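Worksheet: the structure to be examined is printed underneath.
All chains are identified by letter, namely A, B, C and D, in their written order; residue positions are counted from 1 within each chain.
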Amino acid sequence: MILLWYILIPAVAAPVAWLLGRSRPALARWTAVAGTTAPLVILAGQWITKASALQATFAARGPGPAGLVAGSWIADVKATWIGSLGISFFLAADGLTIIMLLLTFALGLLAVLASWRGITKNVGVFHLMILWTVAGLAGVFLSLDLFLFYFFFEMMLIPMYFLIAVWGHEKRVYAAIKFFIFTQVSGLLMLVAIVALVVIHGRETGVYTFDFTQLLGTQMAASTAFILMLGFFFAFAVKLPAWPLHTWLPDAHTEAPTAGSVLLAGVLIKIGAYGMLRFMVPLFPDAVHDFRTVALVLAVIGIIYGAVMAYGQSDMKRLVAYTSVSHMGFVLLGVFAWNTLALQGVILQLVCHALSTGALFIMVGGLQDRIHTRDMGRMGGLWQVAPRMGGTAMFFAMASLGLPGLGNFVAEFLILVGVWQVSHWAAVLGAVGLVFATVYALWMMQRAFQGEETHGWSFADLTKREVGMFGAMIAALVLLGFWPQPLITTARQTVTGLQEMTAASSLAQPRPTAEAGDPAAEAAAAPADDASGATSLADDEGAQQ
Amino acid sequence: MASVSLDHALVLAAILFAIGFAGLLTRRNLIVVLACIEIMLNAGGLAFVAAGARWGQADGQVMFLFVLAMAAAEVAVGLAIAIRFRQSLKSLDVDDADEMKG
Amino acid sequence: MLGLLWLIPALPAAGFLALVLLNRRLDRTAAAWIGAGSVGLSALVALLVCGSFIVSPPAGDAYHQVLWTWMDVAGFAPNIGFYLDAVSVLWVLVITFVGFLIHLYSTEHMEHDEGFTRFFMYLNLFVASMLVLVLADNLLLLYLGWEGVGLCSYLLISFWQKDPQNVYCGRKAFIVTRVGDTALIAGLFLLFTQVHTLEIQPMLAAAQESFVPGSAVAVAAALLILGGAIGKSAQVPLQTWLPDAMAGPSPVSALIHAATMVTAGVYLIARTNVLFTLAPDARLIVAIVGTVTLLLAGFSALVQHDLKRALAYSTISQIGYMFLALGVSGWEAGVFHFMTHAFFKALLFLAAGVIIEALADEHDIFKMGGLRRELPAVFWTFTIGAAALAALPFVTDGFYSKDLIIATSLGSVDGNLWFYAGAIVGAFVTTLYSFRLVWLVFFGERHTEVSRRPRRRQLVPLWILAVLSVVSGLIWMPPWLAGFHPFETFLDTALPPIEFTGEYAHFAESALGALVTISVVVVGIGIAWLLWMPWRRGTHAFSESPAVRPLAAYWLGGWGFDWVYERVFVIPVKWFARVARNDLVDHVVDGIAWLNVAAWRTLSAGQTGRLRAYVAVAGFGIALVLAVVVLR
Amino acid sequence: MTILFTIAAVVAVLSTLMVVTRTNLVHALLYLVVSLFAVAVVFYTLGAPFVAALEVIVYAGAIMMLFLFAVMLLNVGADSPLRVPRLAWVGPGILVAVLLAEVVYGLTRQTQPLAGVEVGPQAVSEALYGPYVLGVELASMLLLAALIGARHVAARARDEEEAAESMERARGLSETAGEAPGQGAVDDPGRLTEEGDA
């Protein structure tokens, strides 16, 4: 039942924040904070207690797909919603979902904190929108019933649309409409694919159901499978911003308020990747295999195109938006490489990208609140004015160009190693993308922070609140850079489950030697606790290589 | 008795219909427009009767009766509108009523 | 005692963190103490650890310490662990010791700079990253150190960030090295896919078994590793960034662009020498790259006006020598030259720093001159450094290490006459430009006044390095001289020894071979004396003459590489970014929107409001339908 | 019998042509009546005497009378200039010719001789109150609706008139102007004819 809380708490907190907001805006902010931290705390509690259980279920799960699917979920809520159509209110969580929920609530909290001073216009409704987006996101990550997934997928759009359209900047209405149309149209394509899938499944087995676990493994002609896969792919490619469908992202991010862009860049984009991992590839493994080369080409173009475009921008927020296009190109590479290394890399990239890009957006938002412009032409030499902000911006610029020692590098390295095993040229071009990433990151630093201070700006450096936020994110990124094991262990059981779902298809690849060993032994090797312990793990780790 | 072939009748109906349609296109007076519509309906009725006559069924004539009823109703309303038309627009020219321009 | 190994990189890292967190509340002296202190302590610990390693070497002449498993994903489980063997002992000692001297020097040199704390922050981070690089037990951790030093070099080159030109040079350095790093990371992918681990020693063992010598995989892996090394050590294709890196403060040039970072490539090749032994063609390419670089940079250094750019080109040239040594599988020779080069090049850069500071930031050597009496200490130390650079026989360490390389390039199993010829010409040019600097800067009449005298904390490092530049060569005397080579035996524990088995081996090892190089150096000094000493007018006439001037200008610009790269890479990217600024794909989307609007406008024109128009349209429709029905 | 058919057909076509081309409205309507009679004759030749009679009684008799009433009511007068200049015939003419050609071409491909049997009123009435009884009810409802609609649309003009008059009368009383209410009605012909509405 605990899963239901994750959706209910933010959903309920939303109207409360709105009502309180009408009387005193500060109350709305605190309710929003409560609405995001409460589920975060519960989730963290569940993650820690379940961590051991998670590994246990992983080790003790039964053979075969039924055993796999049943055993690999930690908790689930199943109630029939529309019985006649076979639609059920089916929530379930496993390693990947827990990570995604952590991200959602953490970034929701950050979004609220980031707009503590920035938002003055009808604060109550603003926080209503944020909390509803968070509730929608929680719903998307938890739902395993395709219809429910689609319901939350679309429901989450409306508050985000208002967030951009009401509190945005100059071209906000254009950006909001563009965002809405892009996602709505592609969402409809997915709906068609879902319904077609259900019908095919129903005609084949007589059972009409939207339940993902039963829809798995429906046999259909290769060509229909390909078309249905394309339906899903378009919806997630727009969300992910894969290359040709990305044009909504720069506008939406530039015009959205800070909180909006943090949520957008932090979590909304991740739904595309999550959807591909959870639904698209397991449902149509062979179609994905045929589509792989095209997807890899799109991803590589996305990486390089996004990076070069970022370099060309003069609006700082638009530059950061294009970096997301580039980073999500890596995710697309990883998803279609579909081996353990790449998938772990993808999940790690989702988290690290959310942190680094979210931080950059908060930075730009803060800068805009101070000097009321995003145009880098009018900035320059801000390091003298605000050295602490300059230092933090340098750190997150380094994170976004994939400096080793930070989480982004580990993720991108894992993805590229995984992709290398599938196609050499894609991995090399991805690595070349890193060079372009260096170009835009340093170019941003040059134009905004370094160089001569000619415009006579003078404003306050980072406030305590901002230092706290950025400090937390810096700590998280460095921790993920040097010790990503907790995240990898949480996601391991999902990754193995996903790969076993597609084991029968052409996608499956011989996993590297060590994995073939009994996963239980590996799962039991809990990571060493702190940095100073001397030769603690060397022996049994060595034995395993 | 009737060695007239069906086609002749239908051709006649077609000619009448065509003339009515031409009148509809060219004449700008509302009354003449209504008259032309009458001609076209009459041509339609003729076609029905011809078809009925061809197979010796009464259906053709029954359909003509309905056409007749409909034509009568149509004229009644048409003329009422013509009267209102005249009063509000002070003329019977069909082209004056173009407030609905898109 | 070896257990303290992890402290060596941890101390500078702690220094960095301390400086970052306490940035605001530290005054100059406190920051100096933390900055220089942390590196000093690390040097001390290094001395202890390496001392105990040398005195009582652990089992297998290597010590492996794992702190924790970095990540464990399906068989890919690199550790955060350190591996100490003879090679990394040498590197650690050089880094920490030279690093400490340079920190000491910086406390004085950067006295009046407002970013004092920030400078030491970056310097500490650099030393920490460099130590992680040399101590890493697996290639991924090595890559972490690799990029860390790249970052610090960017931060330190663009330290005076008020001037956009400095930041441009820093950015150029980071991007060019990043291009090399892409090759290295591709190499990592290839190696992991082939041997399923990145931990260096097991990887090399597995490669030994599974790779067929000379096979495509072996050559590819070696070449990719070479790609990374070229980027970081500024060898031929990717050397354009080092001369521009002189925009940074002098201690930075001394530490990063002379002693430590630029030799990371040499360390990487020496560390993965097994891969290169398995791929003879790759080794050949390394040697070729080395020779071409040493000649190319040597000639460029001959015509430089800026003192630091001349030294930068000389660094590229000397690293070319090290690559040449590695290319002819004289691993130990290359490493030995690294050590000696670190001492005398750091000395030259620090002395240059003092000279430039003394002449109120005057970089052009033709405006210096006659400083012999003004800065006697600097004169003597600079001359010792220049002599070591030119490999003055018997007296300087450069002689021992460079001659060893020249001998190896001829006598070793891969050595051949071409490399030997290149090395000899290189030695001659090196002598020319090193003594050119000495004559032009210290002799002749004085052009600019000396405004600041170097203080004690700047001179002490100079003297120590000068002594080292003389003494450090004696630990590996050539066989024909005294046969005393403890350094070689120490290195044999980690690197394969040099086999003098080529057809000219006997000549190369003999005193006769050494005589050739000694004579070349002596002749070089003489010619330098003739060209640049008394008849200053003569040299100007010589370099201004129409035949020589275009050639000199060509060499001055670094053989035109910059000009080519600007046209081939930089301008197209900038052009595309400017052209496609607001996103080509966006135009497509807006195009669709425009289409809808255009359709709406044409259709609405049809609504004239006139009844007869509608009837006509209806009639037209009926005609169409009939046409279809009737004519089909 | 076919001669009678052809004569009637020619008369019908000519008179319909005249309807469309006459400028004088009343002449046009009268030609329409002639065309209806011709069509009635055609019905007769086709063996549908009942319908022929009906055509004369209902069509020519009732509907045309309505038209004439309307013409009289609206007092359009003889010379309604509302006719399109000569050239304007070309476009519609072509269109109509195309339409006609298509239909004629479609029909001429297979000729069907008529059954030659006469379908009298008795057969028609059996069919009328047999399967089509529902149709008859609907037709009657339609007529009723048309009746009420026509009365309502046409009459509304008069209700407004009356409301307007009562307003004037009220205002007139307050201004004590000497103008007699009746006199205003004379010079506005539209209103005059209003009183005479059936």
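The criterion applied here is as follows: a contact is a pair of C-beta atoms (placed from the backbone, for glycine too) under 8 Å apart; a residue touches a chain by one contact, two chains touch by 3 or more.
Keep in mind that this is a model prediction, so the values were computed, not measured.
Chains touching both chain A and chain B: C.
Measuring from the average of all protein CA coordinates, the nearest chain centre is that of A. One inter-chain figure worth recording: chain B and chain D are separated by 8 Å, centre to centre, where each centre is the mean of the chain's CA atoms. Centres computed as Cα averages put chain C at a distance of 102 Å from chain D. Taking each chain's centre as the mean of its C-alpha atoms, chain B lies 96 Å from chain C. Spacing of chain A relative to chain D, judged by their CA centroids, is 73 angstrom. Within chain B, contacts with two or more other chains are made by residues 21, 25-26, 28. Residue positions of chain A in touch with at least two other chains are not found. Looking at chain D, one finds that residues 91-92, 95-96, 99, 103 touch two or more other chains. The full set of touching chain pairs reads A-C, B-C, B-D, C-D. Against chain D, the residues of chain C that register as touching in their complex are 616, 619-620, 622-623, 626-627, 629-630. Interface residues of chain A, counted against chain C in their complex, comprise 178, 243-244, 246-247, 250, 308-309, 311-314, 339-341, 344, 381, 383-384, 387, 391, 394, 398, 403-405, 409-410, 413-414, 416-417, 420-421, 427-428, 431-432, 434-435, 438-439, 442-443, 446, 450-453, 482-485, 488, 492, 511-515, 522, 525, 527-528, 530-538, 541, 544-545.
Of all residues in chain C, only 3, 6, 20, 23, 64-77, 79-81, 140, 143-144, 146-148, 151, 154-155, 158, 161-164, 167-168, 170-171, 174-175, 178-179, 181-182, 185-186, 188-190, 192-193, 196-197, 199, 202, 573, 576-578, 580-581, 583, 585-586, 588-589 touch chain A in the complex they form.
Within the complex formed with chain D, the chain B residues making contact are 1-12, 14-23, 25-29, 31-32, 34-36, 38-39, 42, 45-46, 49-50, 52-62, 64-66, 68-77, 79-84, 86-87, 91-93. Interface of chain C with chain B (complex): residues 604, 606-612, 615-616, 619.
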